[in-house]
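Lettered A, B and C in written order, each chain numbered from 1.
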Amino acid sequence: MEFKKLALAAAIIAGLSTQAQAGSELSTLLMLLHENGTITTEQYKRVLAEANATEQKNVAEKQELQAALDEATNVKVSVGKGGLAVKTRDGSFTTKIGGRMQLDSGWYGEDRSGSGSTLGDGTELRRARLYMKGTIYNDWFYKFEYDFANNSSSGTTAKGITDIWLGYNGFDFEGLSVKVGHFRDPFMLQDAVSDNNTQFTERASIDAFTAGRHIGAMASIDRKHWTAALGVFGESASKSGGSDDEGWGTAGRVTWMPINEKGSLIHLGLAADYRSTRSNDVRFKQQPETHVTGVNFVDTGTLTDVDNYLTLGAELAVVQGRFSGQTEYVRVKLDRDTASDPTFDGWYAQAGWFLTNDTRPYSFKGAKFKGVKPKSIVGKGGIGAWEVALRYSTIDLNDGGIVGGEMDNLTLGLNWYPTAGLRVSANYIKMLEMDREGSELDNEEADIMQLRGQWAF
Amino acid sequence: MEFKKLALAAAIIAGLSTQAQAGSELSTLLMLLHENGTITTEQYKRVLAEANATEQKNVAEKQELQAALDEATNVKVSVGKGGLAVKTRDGSFTTKIGGRMQLDSGWYGEDRSGSGSTLGDGTELRRARLYMKGTIYNDWFYKFEYDFANNSSSGTTAKGITDIWLGYNGFDFEGLSVKVGHFRDPFMLQDAVSDNNTQFTERASIDAFTAGRHIGAMASIDRKHWTAALGVFGESASKSGGSDDEGWGTAGRVTWMPINEKGSLIHLGLAADYRSTRSNDVRFKQQPETHVTGVNFVDTGTLTDVDNYLTLGAELAVVQGRFSGQTEYVRVKLDRDTASDPTFDGWYAQAGWFLTNDTRPYSFKGAKFKGVKPKSIVGKGGIGAWEVALRYSTIDLNDGGIVGGEMDNLTLGLNWYPTAGLRVSANYIKMLEMDREGSELDNEEADIMQLRGQWAF
Amino acid sequence: MEFKKLALAAAIIAGLSTQAQAGSELSTLLMLLHENGTITTEQYKRVLAEANATEQKNVAEKQELQAALDEATNVKVSVGKGGLAVKTRDGSFTTKIGGRMQLDSGWYGEDRSGSGSTLGDGTELRRARLYMKGTIYNDWFYKFEYDFANNSSSGTTAKGITDIWLGYNGFDFEGLSVKVGHFRDPFMLQDAVSDNNTQFTERASIDAFTAGRHIGAMASIDRKHWTAALGVFGESASKSGGSDDEGWGTAGRVTWMPINEKGSLIHLGLAADYRSTRSNDVRFKQQPETHVTGVNFVDTGTLTDVDNYLTLGAELAVVQGRFSGQTEYVRVKLDRDTASDPTFDGWYAQAGWFLTNDTRPYSFKGAKFKGVKPKSIVGKGGIGAWEVALRYSTIDLNDGGIVGGEMDNLTLGLNWYPTAGLRVSANYIKMLEMDREGSELDNEEADIMQLRGQWAF
């Protein structure tokens, strides 16, 4: 803490100056001169009195200086990665303002481009978020984040609110916190990991089963070797309100990290998410692990008469030095009143290897991977961190008479992290199999090239 | 002012060090030694010259130090309540960044739920605002605030711009300021009070008559015992532009506070708002003092052929220690060319009582209540401030052949303020009477429970 | 640099205190007293040892103080113009948060108002932007800006993302930088100039030919006497994505400034912009140099079957003390497969004269005019800067069978800059000629009065 250091230093000068000026050597000299009879007792007393008066004045004034210095250094401002962070000396209040920008371009080689363009080459502002977060009186903490990107098909409206919540962690129980607001249900490792920090530009296709964000309340315990989270949720901020009763859900996730050291991790997790629908509708769909095109390769369409559905997931992740790997399996079972109860599922496995001497960081707070901080920094004479990665993913939305499609993809990725916060990613996706009977996308085996520039601050 | 203190302290050390080192006791000693003949005149002069040279050097260098300290402390940063405030030492420039989040949930017990759901239980992000405001060269001040919440029925668009204005108060006349931009017409006490600081989660139903925000210009005088404001306005920022001439209006409000001390207030006010419509349309409507549902219980529908309308209001508020009370009456008279000229009106009376040793703060700047700052703070070992409140409100939109409905509500509220900026409110609303002939809502006497979490920073 | 100054000052006190306290005059006195035999060798050594011990302690402690002061002043915060800027001492990280607000009102005197209102008097929030920009590790720089104003005809949606880009300028080649993101194609002087700093409230009518902003990549060289920029672009952020291949373009601009001193400038420029369309559509349209009304006086309508089009522009600007002038010519040629290949063009010339002793500032970074910083500041006892300006502009969208209209306007402007960042502008526009056969706007010679208040921070 530089604050402490400063206060210490101020205290030190206060002390030392006193000694130096009125005390110590001058006093000694006076005493000696007096003893020697060089100066009279009267003279001795006169100079000593002057010296002591000065000393007292100094002490008082140095205290004032120290108080002023304390005041001046009461708040610390920093600008790491280009964002803005402010905190009080004791950490009881903090504010941070930052954001993320993700700029994509995609090129598509379709099998059946003869039958008309199905995937559009182009560019996209994938995410453009700003956030403000802070701590209030030690125990309260909030976040507000908004996504200004407008890459929906309509193209005119910002994507809207992402995280907006208030939390409290002033409990005696280690690692316990509660929060209310709009945030992700605790479900799936690849959802817990910020899209800033995923190993590929897009999450694996089972992201179709993501619980997403809802208005709700959650309690969680985050410790170094295990975490547990349980929440109840209404609907998403953009769907809340209205004259019908809302849908609701409950979700929980537990993880166990028998090994959790820097550069060495074993992570296991289980999660479940139950949702009761508002209007008995649900839809699962996914683009081919690229977002520029806007075409959903697998898509159940809107399934009606769905009373509720239960999604289950299992996670495994490892890190060993430059190597990292993770795999997840998710299945969802629908409960419909008058129609079949289909089950959809999927899984992926991915591995990455740093070409440079870097590692993939992990945090038990939320049980997730964090952003890479390269050891060698561009702008300070370095070359950044370089990582190659490979992923196989599959999702199956064909069941119970529903033909949503089955898609298997292989993705080869290259990530360059010039500095903390900056990232350039190139992904080549080879569609291995596409089975969606009756669709013009059936048997499509597209080649996809996607490039992303990202800065988070 | 810590800045002043610091500058003072720096000035002090500059002075004291000089005295201590070259002046005072050492000079005295030298003089005495010289007088005693212990040192020769030559020696005396030599040491004195050295001492004086050191002194001069010290003075110069201390001045440099002081200048540097001044520079370093030129701007003060603070993070009260989790927001961010910056100001220059002389206060001529300031910037503040903050916001408000209001998260609601509502449960509805309808009388006639047999006839189909009329009010939907659920959650809502009521407001999600960020603002930036500041002072420029002492006399100019601005604010920009945006509401990112998207709780309209469409649910896809942010609510948009709220306050956006530039003001000037560099006049010689005490309390005078002018501002231009988009802001509320000066009308009604409960509108002047920020929704952060209203005693209940929603304003009383006569909020149907609110003038709201428009693009315009206003002059106001704010003094401790009276205020006056007068403005001319076009339309709201979201309705401005277009190929028709805009509507316009003028509004004024005067208040008198014969008693205005901390914890003791008598406030009286009168206001008038005249509006000439653009397309001769006007509509008055209101939800039953809850916003989650989205259903307007009273609603005139769009009234056509309205040339202009005049709204009048009277206000009374008192504070005495833990007690606060306020009441307002508003009536609006429409001027229509070819149809009847109906008059609508309504009023409310509310009172609150702090269970803890707190009081409801008031500011003559804008003549309004401000946010509660609890004496006992959660996060610093306290329990926050607790307040109970009761309100009766009525609005009558039945007149001149128009059946907009009459609604009488009784609301019981409980407010908990854990810290300044944080608030949890529970409101139970009992609909006493609902008279809207021909509507399925006629005779509805719903029970409404509403819960809000709010953080403003 | 105040940081340097502070470090220097701290270094100085560290040094001086040492000398003052243990060295110099006291040492000399001791030496003399010893030589005189007033004090014994033992006494001399004792006091000298004390003095030296104090000196060493002082040196160590002053170094700690200096380190603490360095730490405390590591980041500099400033609030110029009411915005917020933060930078580290070495400038390797910076963050700035600011915005712009433009508030317009317009009054229209139409020739043919008898035939129904064609232009609507009223108000408009022209722009309401906030931005965040910064530097990351010296060489990287980013900007994110969003326009919250919703003055489109629909009136419910923010205008959206303007600038959002990441740049790198860590090259050895002087003035070279590259950037990727969403930003303006390098084209036209009046487009390069921020709308905060244009001489009139709206750009000249050839703004109909503006390239606008697209997602793309650009390399540029900015030197004092010349600049060059070349970029390739996809579509705008709001149009990107989709299942068709996007349109694309390439644009370049070169400028030469044989004279470029404060208050003295000659600027010449050439630019070209080529665009291949996505869906073979293009449309050129323009309001009569006022935006409140929303009516496009010249408008080709959507032209179909356009394979590509090439826009060319030439620029000239001069500044001499209080005088500034600029003129531009732009022409665009369409390449259509099955229909005529029309050519549209236009030009303007404008000149301004400061009534006060001010000048129009220019920057070779981007080769453009910057914001006026008045010498005499309102709020510091001054009257601001006052400027009168005159512009003639013409645009011709009649060619090849297309009747988009030809419009000639004369504009008289008055600008008042009370402080840097604040501006009030009054524009009177006299429509000299309007030739658009078959349109109700044909032969219209409207009188237009427009007023703008602007604050940028």
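Criterion: a contact is a pair of C-beta atoms (placed from the backbone, for glycine too) under 8 Å apart; a residue touches a chain by one contact, two chains touch by 3 or more.
Being a predicted model, the structure only gives us computed values, none of them experimental.
Chemist: Starting from the defined contact criterion, work out which chains touch subunit B and subunit C both, please.
Modeler: The shared contacts of subunit B and subunit C, listed by label, come to A.
Chemist: Copies subunit A, subunit B: same or different interface, half of numbers shared as the threshold?
Modeler: Different residues, largely: of all residue numbers at this interface, under half are found in both copies.
Chemist: With centres defined as the mean C-alpha position, give me the subunit A-subunit B separation in Å.
Modeler: From the centre of subunit A to the centre of subunit B is 33 Å.
Chemist: Could you tell me which residues belong to subunit A and also touch two or more other chains?
Modeler: 17, 21, 26, 29, 33, 38, 69, 72, 77, 84, 97, 157-158
Chemist: Could you please specify the touching residues of subunit A with respect to subunit B in the complex?
Modeler: Residues 17, 21-22, 26, 29-30, 33, 38-39, 43, 46-48, 50-51, 54, 57-58, 61-62, 64-65, 67-69, 71-72, 74-75, 77, 84, 86-88, 92-95, 97, 132, 134-140, 142, 144, 146, 157-158, 160-161, 164, 166, 170, 180-182, 215-216, 234-235, 237-246.
Chemist: Can you list the subunit B residues touching subunit A in their complex?
Modeler: My answer: residues 2, 5-6, 8-10, 12-13, 16-17, 19-21, 24-26, 28-29, 32-33, 36, 38, 72-73, 77-84, 97, 99, 101, 103, 105, 117-125, 128, 130, 148-151, 153, 155-158, 291-295, 377-380, 418-419, 421-422, 453, 455, 457.
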